[in-house]
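Same chain, two partners: subunit A is paired with subunit B first, then with subunit C.
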Partner chain A sequence: MSAERSDGSQLAFFIDYSRCIGCQACVQACEECDTHRGVSMIHLETIRRPDSVQTAPQVCMHCENPICAQVCPADAIKKTPDGVVQSSLKPRCIGCSNCVLACPFGVPKYDAHIDQMMKCDMCYDRTSTGRRPMCATVCPSQALAFTTREEIERTRQGTAVNVWRFGAEVVRTKVYVMMPAQGPAIHIDTIRKGGPAVAGPGREDVASLLDGL
Partner chain B sequence: MAKLPQSIPELVARFGPHLNRTPSGGWTAIGEPDRLVKTHCCFCGQQCGIQLKVKDNRVVGFEPWEEFPFNRGKLCPKGVKRYLQDEHPDRLLSALERTEAGFVPVAYGKAMDRVARELTRVQEQYGRDAVAVLGGASFTNERAYLLGKFARVALRTANIDYNGRLCMVSAAAASKKIFGIDRSANPWSDIPKADVLLLAGSNLAECSPITTDYFWQARENGARIIVLDPRMTPIGRTADLFIPVRPGGDIGVFNGMLHVMIERGWIDRDFIAACTTGWDELERTVHNYPPERGAQIAGVPASMIVRAAEMWGPARTSFLLHARGIEHHSKGVENCMAAINLVAATGRIGREGCGYAMITGQGNGQGGREQGQKCDQLPGARDIENPAHRQYIAGVWGVPEASIPHKGLSAVPIFEAIRDGKIKALLSFCFNPAVSLPDGHFVRAALEQLKFYANVDFFMSETSRYADIVLPAALMEEDEGTTTNVEGRVIHHRKAVDPPGDAREDWKIVCDLAGRLGAGDRFPFQSSREIFDELRLASRGGVADYYGITWERIDREFGVFWPCPSEDHPGTPRLYEGHRFGHADGKAHFQPVDWRPAAEEPDVDFPIVLTTGRVVSQYLSGTQTRRIGGLVDQHPQPRCEMHPRLATELGVADGDFVRVESRRGSVTVRASVVRTIRPDTVFVPYHWPHDRSANNCTAHAIDPVSHIPEYKICAVRVTRVPAPTDALASLEPEAGGVR
Partner chain C sequence: MSRVTEGRNPAVVSGSHVAHALFWGLLASALVIAGIVVGSRGFRDFDPALVSYAGATVFSAFGLGYRYAMWLRRPPTRLYWRRGWEIFLAPRRLPRHLFELGRLFVDSVVAQRFIEHRSRTRWIAHWFIAWGCLLAAAVTFPLSFGWVRFESAADSQAVYRAFVFGVHVFTFPLDSWLAPLVFNVLDIAAVMVLTGLFFAFYRRGRDRGALAVQQFASDMLPLALLFAVSITGLFLTASTHLLRGLQYGFLSQLHAVTVIFTLLYLPFGKFFHIFQRPAQMGVAFYRRAGAEGEQAACIRCGEPFGSRLHVDDLKRVETALGIRYELAGGGHYQDVCPGCRRRTLALAQDTAWRDAGGHNAETRRDG
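== the complex of A and B ==
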């Protein structure tokens, strides 16, 4: 992949949810990318606004064995040799939404106006020519970062993780997520639904400070 | 009488705000741009580097500028979308004159003749000071310098001020009183090197998003973060200590912290003895602020104040940042001084990772206040009442010292003088007081009193609608010049494209008008660079000394920090090194502060505190950002944030319409019921006009020293109301409607 520095180090995509400030610079910049101008592919989730201002960005995680491509009956989703899972190919996509249902991260969306699935392609026009993706370049908090593994380890606390366990199923992704020091995989099935930890792991509910005034 | 010439819906239909969503040529236009222009964002004081894509003399997009060291390519949503202003359908392309039938286009020369004639007539009839001039902190340094000179030399009115009066003046005054210089003391690169950060009154994530990465980098390095804010902001949410202070209660926290620090020996007595004055009096004052009393004032548990002192007091390195949250008060200067006392008491200033900063809000909030468009200052941050300063500037301008007016009125008193009939005519640039000044009904009534009003802007703002003549102006990317960012770094805005139609650069309008007023020989400038060269000379020897800064150096060095007295001087990224402060005695001067109430505290009739502020996708009065589709989608209309406990008392559910009403006026907006705000406080952002303008409610009380208005606290009552269906409510949200 040409997202490689002159010293040969590989650039990779890292998400650190604890840094996100919900400003939507990523959402606004995404639609400026030449491959899908005017359409934003990144998702910015507001976690639970009545209780918190926490937000979380979601780009395509670019799975090693992309389930979206596996379930596509029209073979419309291709992975590049450098591991980027592309958006659907227009001549092939039949708009069936199998990928939308199958993706464990909720990334692909069916666009009824064009009868086609569209999703993040890691700004392939940019990353394939050595430039950083729009979202990770502009991100003011660097919750989205496109840099080398060495740089991340030098400048960030926590661990970069790209292995996800959904019960017995293991998914490896090209995109890393920064986690507090822990095991090598993220166990999705052990995160309690609707749990209280909106303020982040190990912290009390920050809003309770305000309730008590 | 400057009444609106047409109804608001008629004016909106013709002049907007309308939304621009697509770049010039549409989204599908492809092809390489003709060039990339390295310049800076036109919005806030961060002044992020950005490259504008230009094709066929049109700005068609942007590309991050990753080499510029302050932001390394990072941009907030406003920076990403700013390029959509250039080809905007609302751009003013010709001068406009008000007639009985509304605004009609008029030849530029004819409009300028009328402006000169009317200003002369008013001055002849009512005296020179009967004409006021208002400028803006979105001006380049060159324009700010020129407008100050224009007011003093061409019009010879004392009454010139600027919208930075609504932004930076409390911080400026406090900084000058304690350290002797009005500037952030440190470059931003010192933030990640601090062990503890104290952020007071700044919704950093929304108002200066780029600074977030500096904060998070400090956190990665092990720093602990303390945040004071009545709302849980994104920074407050993950702070090590979030202190949800009552609006106006900050001094309780600061004095209480210092009380604890003295008790526990966490102050630098050697530094205090050698490098400061006024300590004994400060110590006596804060003796009366044990944490329990501070807690009563601040409306938070005393344990939080103790904890803050425990984090801040013994730290090895520390960095304080404050912004409008503590500055927008009738005691704004006192709030800032109480905060800065915490820095000086520890001696942690003037070295790597140790210092403090005011987070400048407006684009050229720093430079815009140094070049002489404030009512009390001459270029180089000089004092207009200091005989030596006056003499020096008189020499640069080639005018008799006695001809330079003395201190005039600041922004809010200018509007009081207009209301009282003492000021009869107004010339304003880049300022939308109908939305941005407090007590909106008072401001709009004052505008109606003007005998003549000339307004210069690139869009028809809510204030332009009151003008007799509107002159079309150029955007930042249509002019060239310098600004000074939040750090005191002087940077270069490059011109990307020519202004459209009859629109022209503010400095050309000012020089043209000076000529028509008979002062053309003092305004011979053919380029903004020539203005910068005179500014360098005018600032020479002043506190804000730009003499050694050239455009070439700025380009070569990614900006130069003032003071920079000669071309071989490296500039001054960090002030006060060696603990040499800006006062004549070289010392820091402690300023003891006692807490006092706001001009208007809640009472039986108006029992709730209203505090106002910003959202990330809108900028100031919204003249620019309420015209950009993507930014409006993100925050289409203001909402009233309230705690569920208050909402229950009021019988309000999330999404209900509420009227927020003070003694002066009201807004009707939807409620947003969230646990992220104090139960005794509601919040409404201020970017919108008419019945959606939070400033209908705010009071025009001002700080006695800085003259900043008290935007952050006034008393209101809140009532659930039916959905409004009047003509203003039916406008699009960006025009002041509601959905």
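== the complex of A and C ==
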């Protein structure tokens, strides 16, 4: 089932990293999702930026052709008809962590205690019935927003982008990220050795270009 | 501009894959048929009343062989299958691995403790269903193949003799403690399965997470099939002992239909994990071998994030799948740790906004 408003407009998930204020409300709310109750699936990264916010939330981007599912030897990762990539199927997942290492967005988590990969499933218990995901519901700055494309474009600067390039690999996602309007794809092609893991280097260390395909 | 890869369809199945899988499916069926012929001593011990069960098993073996072969044709499955055996059978490590295999078998198969960590209710349900089914399988397959048979002793109707592959293995009197156990072992298995099903239905009816993602075909149908097999099996016992054989003929046919349907379903649905899941033990050996070897360090932060063995194998899998993570600026995206990937996404947005001259909230129209 696809989430939509009563007027028929489709609801979608939008991320604007620059709006994140690091309040961790999304991290707490994520634990309330019924499909992984008590365990938060969202990532909240701390990033050193000279004059901007310093945290960034990362939910599953729900790829059209999920690389996590392609590299899974157990064929345990499935996508619902409405495009939501689910956590690994419990009977099948063999806990190899291929998905954890291969996901271009660094999303899946391997839980050794239960020997299973789990990830954000866009609060499928909620979005499959037309309700907003927990994180987007509680995000005070709407860095995580679940609304219509028309609404996001009316109220935000820039455009919603869902095409990514990692080297030569093109990935289209169900989740959008707010970007400037110059191009349709986000291109990540150069990564240089930088600082410590929790304090990323400045812009000179990441060549990320808007690149029309 | 670097080459763009898109539009892969991993679901595409080539003709050679199908032919390969057909071969293994037919081979599996042939092995079962050969096992029946040899084990029943040229059908001398074969019970014709059970031929439908044996026939369904032959078909099921074909389906399992076909699906297993197709599963192993997937690049990641094929690589880890081969690598798992290579590591397990390495002569230097084999004694330790055999000991470890025993420990893993007890922990993961016998006790199924990893399921307990997920949910106590799920664990109870799965344990009873799994061991009830395995107990029933250990009895019905040898019986329907003609590998096991019972007969009264020539000199006494009160004594039963058991034969395995035509060889007399033990004798027991009908009034011994063993007799009711032997005669009712399938009833015991049915009660175990029904106990597990009670917990499974209870969990699936109340767990809101399960309710959100479960599907009838993949989650409820297998439970319904096991319920049908178990309850119709118990009907036979009830008919015999409580109802003076009432409708026994109809009930035995009904039970046969449920068992045959379940056997035919075995390769195609959730039950396939019975044959797929032992790969989990291979992953344990693979992970240990990786941990003992060189570790892969992230090209951005320099921190180790996985074994070199695993990262290099993953690159091979990605190449086979057509996933092109090679970076134009040098290096491979697979050499970036998951944490740095997440940070890079936010930094990419940050850089783009700066280049566009419109970054920061005060320059943007907020809703």
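In this section, the second predicted complex is superposed on the first by the 183 of 213 C-alpha atoms of A that agree within 3 Å, B and C clash if a C-alpha of one lies under 4 Å from a C-alpha of the other, contacts with A are read in each partner's own complex, and residues count from 1 in each chain.
By definition in this document, a contact is a pair of C-beta atoms (placed from the backbone, for glycine too) under 8 Å apart; a residue touches a chain by one contact, two chains touch by 3 or more.
None of these values were measured; they are calculated from a predicted model.
Engineer: Under the stated touch criterion, which partner chain does A:124 make contact with: subunit B (first), subunit C (second), both, or neither?
Structural biologist: second
Engineer: Given the touch rule stated above, what does A:72 touch, subunit B (first), subunit C (second), both, or neither?
Structural biologist: A:72 contacts subunit C only, not subunit B.
Engineer: In the overlay, answer first, second, both or neither for which of subunit B and subunit C A:19 touches.
Structural biologist: In the superposition, A:19 touches subunit B and subunit C alike.
Engineer: Which partner does A:56 contact after superposing on A: first (subunit B), second (subunit C), both, neither?
Structural biologist: second
Engineer: According to the stated criteria, A:100 is in contact with first (subunit B), second (subunit C), both, or neither; which is it?
Structural biologist: After superposing on A, A:100 lies in contact with subunit C but is clear of subunit B.
Engineer: Examine A:139 and indicate which partner it touches, taking first as subunit B and second as subunit C; both and neither are also allowed.
Structural biologist: Once the two structures are laid over each other on A, A:139 reaches subunit B alone.
Engineer: Considering only the touch criterion stated at the top, classify A:157 as touching first (subunit B), second (subunit C), both, or neither.
Structural biologist: A:157: touches subunit B and subunit C.
Engineer: Check the residue A:149 against both partner chains and state whether it touches subunit B (first), subunit C (second), both, or neither.
Structural biologist: neither
Engineer: Have a look and say if subunit B or subunit C is in touch with more residues of subunit A.
Structural biologist: Of subunit B and subunit C, C contacts more residues of subunit A.
Engineer: Need the overlap of the two footprints on subunit A, from subunit B and from subunit C, as residue ranges.
Structural biologist: On subunit A, the residues that contact subunit B in one structure and subunit C in the other are 18-19, 34, 37, 49, 51-52, 142, 155-157, 200, 203, 206-207, 209-211, 213.
Engineer: Taking the touch rule as given, give the residues of subunit C at its contact with subunit A in the complex, in rising order.
Structural biologist: Checking each residue of subunit C against subunit A gives 1-6, 8, 10, 71, 74, 76-77, 79-81, 114, 117-118, 207-209, 211-213, 270, 273, 276-277, 279-280, 282-283, 286-287, 298-303, 305-306, 310-311, 314, 317-318, 321, 323-334, 336-356, 358-361, 363-367.
Engineer: In their shared complex, at which residues does subunit B touch subunit A?
Structural biologist: Against subunit A, the touching part of subunit B is residues 22, 27-28, 30, 61-62, 64, 66, 73-77, 79-81, 205-206, 209-210, 212-213, 216-217, 220, 232-238, 242, 244, 299-300, 616-617, 630-631, 634, 643-645, 654, 672-680.
Engineer: Of all residues in subunit A, which touch subunit B in the complex?
Structural biologist: 18-25, 27-29, 31-32, 34, 37-38, 49-55, 132, 134, 137-142, 155-157, 199-200, 203, 206-207, 209-211, 213
Engineer: In the complex of these two chains, what residues of subunit A are touching subunit C?
Structural biologist: Interface residues on subunit A, with respect to subunit C: 16-19, 33-37, 43, 45, 47, 49, 51-52, 56, 58, 65, 67, 69-75, 86, 90-92, 94-98, 100-107, 113-116, 121, 124-125, 128, 142, 151-152, 154-158, 165-170, 177-182, 186, 188-197, 200, 203, 205-211, 213.
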